[in-house]
Amino acid sequence: MRIAMIGLGRMGANIVRRLMKAGHEAVVFDRNTEAVGALVKEGAVGAAGLDDLKGKLEKPAIFWVMLPAGEPTEDTIATLAELAGPGDIIIDGGNTFYKDDIRRSKMLAEKGIHYVDVGTSGGVWGLERGYCMMIGGPDDIVRHLDPIFDTLAPGLGTIERTPKREAYDVRAEKGYIHAGPAGAGHFVKMIHNGIEYGLMQAYAEGFDILKSKSSEKLPEDQRFDLNLTDIAEVWRRGSVISSWLLDLTASALAGSPQLSNFSGRVADSGEGRWTVEAAMEEAVPANVLTTALFSRYRSRVEHTFADQVLSAMRFGFGGHVEIPQ
Amino acid sequence: MRIAMIGLGRMGANIVRRLMKAGHEAVVFDRNTEAVGALVKEGAVGAAGLDDLKGKLEKPAIFWVMLPAGEPTEDTIATLAELAGPGDIIIDGGNTFYKDDIRRSKMLAEKGIHYVDVGTSGGVWGLERGYCMMIGGPDDIVRHLDPIFDTLAPGLGTIERTPKREAYDVRAEKGYIHAGPAGAGHFVKMIHNGIEYGLMQAYAEGFDILKSKSSEKLPEDQRFDLNLTDIAEVWRRGSVISSWLLDLTASALAGSPQLSNFSGRVADSGEGRWTVEAAMEEAVPANVLTTALFSRYRSRVEHTFADQVLSAMRFGFGGHVEIPQ
Amino acid sequence: MRIAMIGLGRMGANIVRRLMKAGHEAVVFDRNTEAVGALVKEGAVGAAGLDDLKGKLEKPAIFWVMLPAGEPTEDTIATLAELAGPGDIIIDGGNTFYKDDIRRSKMLAEKGIHYVDVGTSGGVWGLERGYCMMIGGPDDIVRHLDPIFDTLAPGLGTIERTPKREAYDVRAEKGYIHAGPAGAGHFVKMIHNGIEYGLMQAYAEGFDILKSKSSEKLPEDQRFDLNLTDIAEVWRRGSVISSWLLDLTASALAGSPQLSNFSGRVADSGEGRWTVEAAMEEAVPANVLTTALFSRYRSRVEHTFADQVLSAMRFGFGGHVEIPQ
Amino acid sequence: MRIAMIGLGRMGANIVRRLMKAGHEAVVFDRNTEAVGALVKEGAVGAAGLDDLKGKLEKPAIFWVMLPAGEPTEDTIATLAELAGPGDIIIDGGNTFYKDDIRRSKMLAEKGIHYVDVGTSGGVWGLERGYCMMIGGPDDIVRHLDPIFDTLAPGLGTIERTPKREAYDVRAEKGYIHAGPAGAGHFVKMIHNGIEYGLMQAYAEGFDILKSKSSEKLPEDQRFDLNLTDIAEVWRRGSVISSWLLDLTASALAGSPQLSNFSGRVADSGEGRWTVEAAMEEAVPANVLTTALFSRYRSRVEHTFADQVLSAMRFGFGGHVEIPQ
């Protein structure tokens, strides 16, 4: 198929590459003309703007927007809504909040334009391993785009098959699902990221306890000087907690056992927060996912005002002095 | 009554003062002879050591040990166990772990010595306001010591009486209870402190959110520049969250609206941790009390290794760079 | 002053009573005509509708809306926006989300109508004790309404004054503050309720650990049979954790030591959730406030699907059977 | 090598089978004579008691104890301590608390007996996949036992190798590590299980939010009816959160999309609790691991007393009625 890609960052560019490798055609645009040039050298058709881009597509046109969530995506889709016509398809492959998808899909439906949201996991590894995709949109349109998704997904590969899957949609085993109507794709991806935060924090806390077991705060006969590099490695092998995140941790610890290259200030994106909001809307307790998010907030400040309030109270009732020296 | 006080720190010395003011007699000892001298000037009988102390008491002797929990208390009680005889009473008024009380009371019972544990709240304010006491030990011995406890407690005072209390022990309304056998006093005091951690953290987080509402991280039209000093004050007056801890917070914020005197590194003592252990032994979920404790741990380090592990994973799957500059 | 009260539930009716007792005049309306009749008997002027209500007010008219947050309040204010004219004042005394205040105040300002939001704490006790109020709106309008707020607030009363308050707004000591522009009142009240959740949960967990210390799950020699009624009472007296919420708990436990009248399904209102959202917007870790909220969600379901997922995994890796019998 | 296995439950029996398949010899004992008989049929030497067992071993004897932690293991090792002589080796392969290992190893060392603790992960899958082992004990003894561990471990297999591992102990890549002196093996295994709780809870919460997205509590236009079976499957394929625990979840959901076979009452073993204790000893915040543990406690009761305390307070300040009907 011929598809337009708007946004040629690492994700967008690699998606184009994976598509072209499988024989699809890509028309590409990015405000950064170097990014366009690079892909043109690899076989893509370059575009000078969204107008130009549209002219280089067949009918119905397929626009894949791969931009930062929020304004950049919003503005681009607003422009495309003007350019596109009935039957055309706009795909948002970024990290959009699913309620924005629902809103947009309604707005575009009034013009006969189809909207598809694709939550994508796989990060920098997607080009090689394939992308795990969670898709929302009308059934017939998602079916129409199947050649694209089938190409981008990892495929069955060598991963052991889950028993009793015969009755289910084979696309899930290939690495993509049609999760539901507009917004459903990004909703599932959002929860995916929420879980990711929780998993990461669980490993992180565990390794912290292992590392601190050698701390001089402990009585000497209660210390162990543990080799975290080997521990991460051994857990990859036959243990209940083996995972891809653990593979990455083992790799990081093999390269730098103290992880001294990392500052410990940890960013968060919208998905973690939106997951907590979804939990609250549904009245589902989500302690682990939330505390994992808060831990990142805490990592980015030296001290909280909350801590100072505690010290002030302690001074008030007990005369405890916790004053900077 | 005549009572021996061992340990003349702020708590021990003030307990002696409150007792003497009510006509009780005190024999006092501390390794710090100045502390002894100060109280002798105020009317106490000084002692040069535990032996000397014992000689200055009537039969049955009453020893109140008011020392830091752990070794100092343990060693002193071991020595007293040698000096004391059948019928004598040893009181531990410190912050001892209740299982140590149970062990000691058994050991002392074999020698006919009575053991009473007294958990004391009231901090630096106790001399003036009276001490809230939670007492463990044999019923007859606790009754015997009633004049002491009655003096130390705040008494009915002007606090509004709880309806329907007629059927209950009046001692609770005076500010002390006989909670149960040895260890029960410190157990109740331990949970008191566990709750204290939770309450403090609840206020602290709330004030942090109020303060951060003026943060430049927020879009300008979403900021409020709130006066925390006035907010703390107004909540003291008719609101659901009025409390003594809030009084202290209001006072601290009136003196220093930014609390800039406080570093935000917050200590914790054994009780918070023991409360969590008790919860785990009973399989009671205690999320608030535990997270309040963990928040203090976190306040005392700049970054955790856990945070670095998160950064390492993020670099691994997404190429996110969180490296010190 | 003459003021209109729309909504005569427990809060609205009692506010009217407290105002009239101090000589203010009230014009009252509620869809429930009995509620109107009751207050008319006590001296209020009754109104048959919002139109009628408006006709019975002086210029500038003051409308106090005391309705459930959300639609009822929103619709009423929309109607008032049509009826009211330049210079009139609309007060929302309910539990409105502060962003709605900001939106409404802008909308009303275009018509020259002033908007004031009043967060009110004090619950069923306000009539007698006075209401703690947190107010948002334009400075001159809030000043104009001062006689109303001054009447409703508890006043200085017998509560011990906070030291070093001389430099601050005396209104806080009387029990009300002008927190900032529109929305600031409800924002502060919202955080108040968020803190309330945390405080309540801290006490609740503590009492649970005390109660479960007599559980048969524990070895017999590790049990204490504690008197929770007396413990709650003694903590009111000189302890660090004394508070109004503890007073209420002591009262409940004196009436029913097992609290067997209460099902343990605990509701939550919007403020707890909005507090968490505010924390997330500001990137402030709020573990205690959030976990307190989640605990309420959990209280309302028998089992979570999350628990079933855990059981399914445990069966998967360990053959552990957690199947209903 | 010839090795004695004491305890022929699923773990012990399968370890024997895996050893014999590789040519090792096993002398086996269990109080359940049928279990002994079954393995004798498969080639093991049966023993009628510990005495008999000892007689059937070469010098130095190797005893592998594979019994429930606590009394059964403790008693057996005490008996073995009497039977064994200098140079003999006792292995505890169960889930013993690491401080018990330290105590025992000292006690046994006085008799010249070597003690090795082996934390084992792999559950019911170990026979086929191999066991992931974390080992504590003296270096020369662990080296001596290498043929045993090498057989039991999964081996390099087909798992992708971690880059830059050349400098590290190859045993970790085969699936076992010598973690440190006595206790270190069980300590690392304990943290492994602590992490496991956190990971499981993260997935569980995520799936709960997905499932509850179809809840009738939500406005109809905010619901999605998501296929959890397909979602679990797709996440196995190229996503950041792929793991063995997710494989198990996908399998469970393929078999029963509602997981209706599972009651949602989730057990916990000692390791989760000990992990929290270790975190507290080290003052490491471990919010995720702890909240995951508490969630299991909560799953096993219908209502908590804490919830009733909340209701009682709410009734007290707001007249909110939360009473069973």
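Going in written order, the chains are labelled A, B, C and D, and every chain counts its residues from 1.
The criterion applied here is as follows: contacts are C-beta pairs under 8 Å (C-beta built on N, C-alpha and C of every residue); 3 or more make two chains touch, one makes a residue touch a chain.
Since we're looking at a predicted model, the values are computed, not measured.
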Interface numbering overlap (same over half, different under half) for chain B and chain D: same
Of all other chains, the one whose Cα centre sits farthest from chain B: A
Where chain A and chain B are represented by their mean Cα positions, the distance between them in whole Å: 47
Distance between the centres, which are taken as Cα means, of chain D and chain B, whole angstrom: 39
Interchain centroid distance [CA atoms averaged], chain B/chain C, Å: 31
For chain B, residues contacting two or more additional chains: 123, 125, 201, 203, 205, 208, 212, 240, 244-245, 251, 283-287, 291, 294-295, 298, 304, 306, 317
Chain contact topology (line, ring, star, complete or other): complete
Chain C-touching residues of chain A, taken from the complex the two chains share: 240, 273, 276-277, 279-280, 283-287, 290-291, 293-295, 297-298, 300, 304, 306, 317
Sites on chain B touched by chain A in the complex: 10, 123-125, 200-201, 203-205, 207-208, 211-212, 244-245, 248-249, 251-253, 256, 259, 261-267, 287, 291, 295-296, 298-299, 302-320, 322-324
Chain D - residues contacting chain A, complex: 102, 121-123, 125-126, 129-134, 153-154, 157, 159-160, 162-165, 168-169, 171-177, 179-181, 183-184, 187-188, 191-192, 194-199, 201-203, 205-206, 208-210, 212-213, 215, 217-218, 221-222, 224-227, 229-231, 233-247, 250-251, 254-255, 275, 278-279, 281-289, 291-292, 294-295
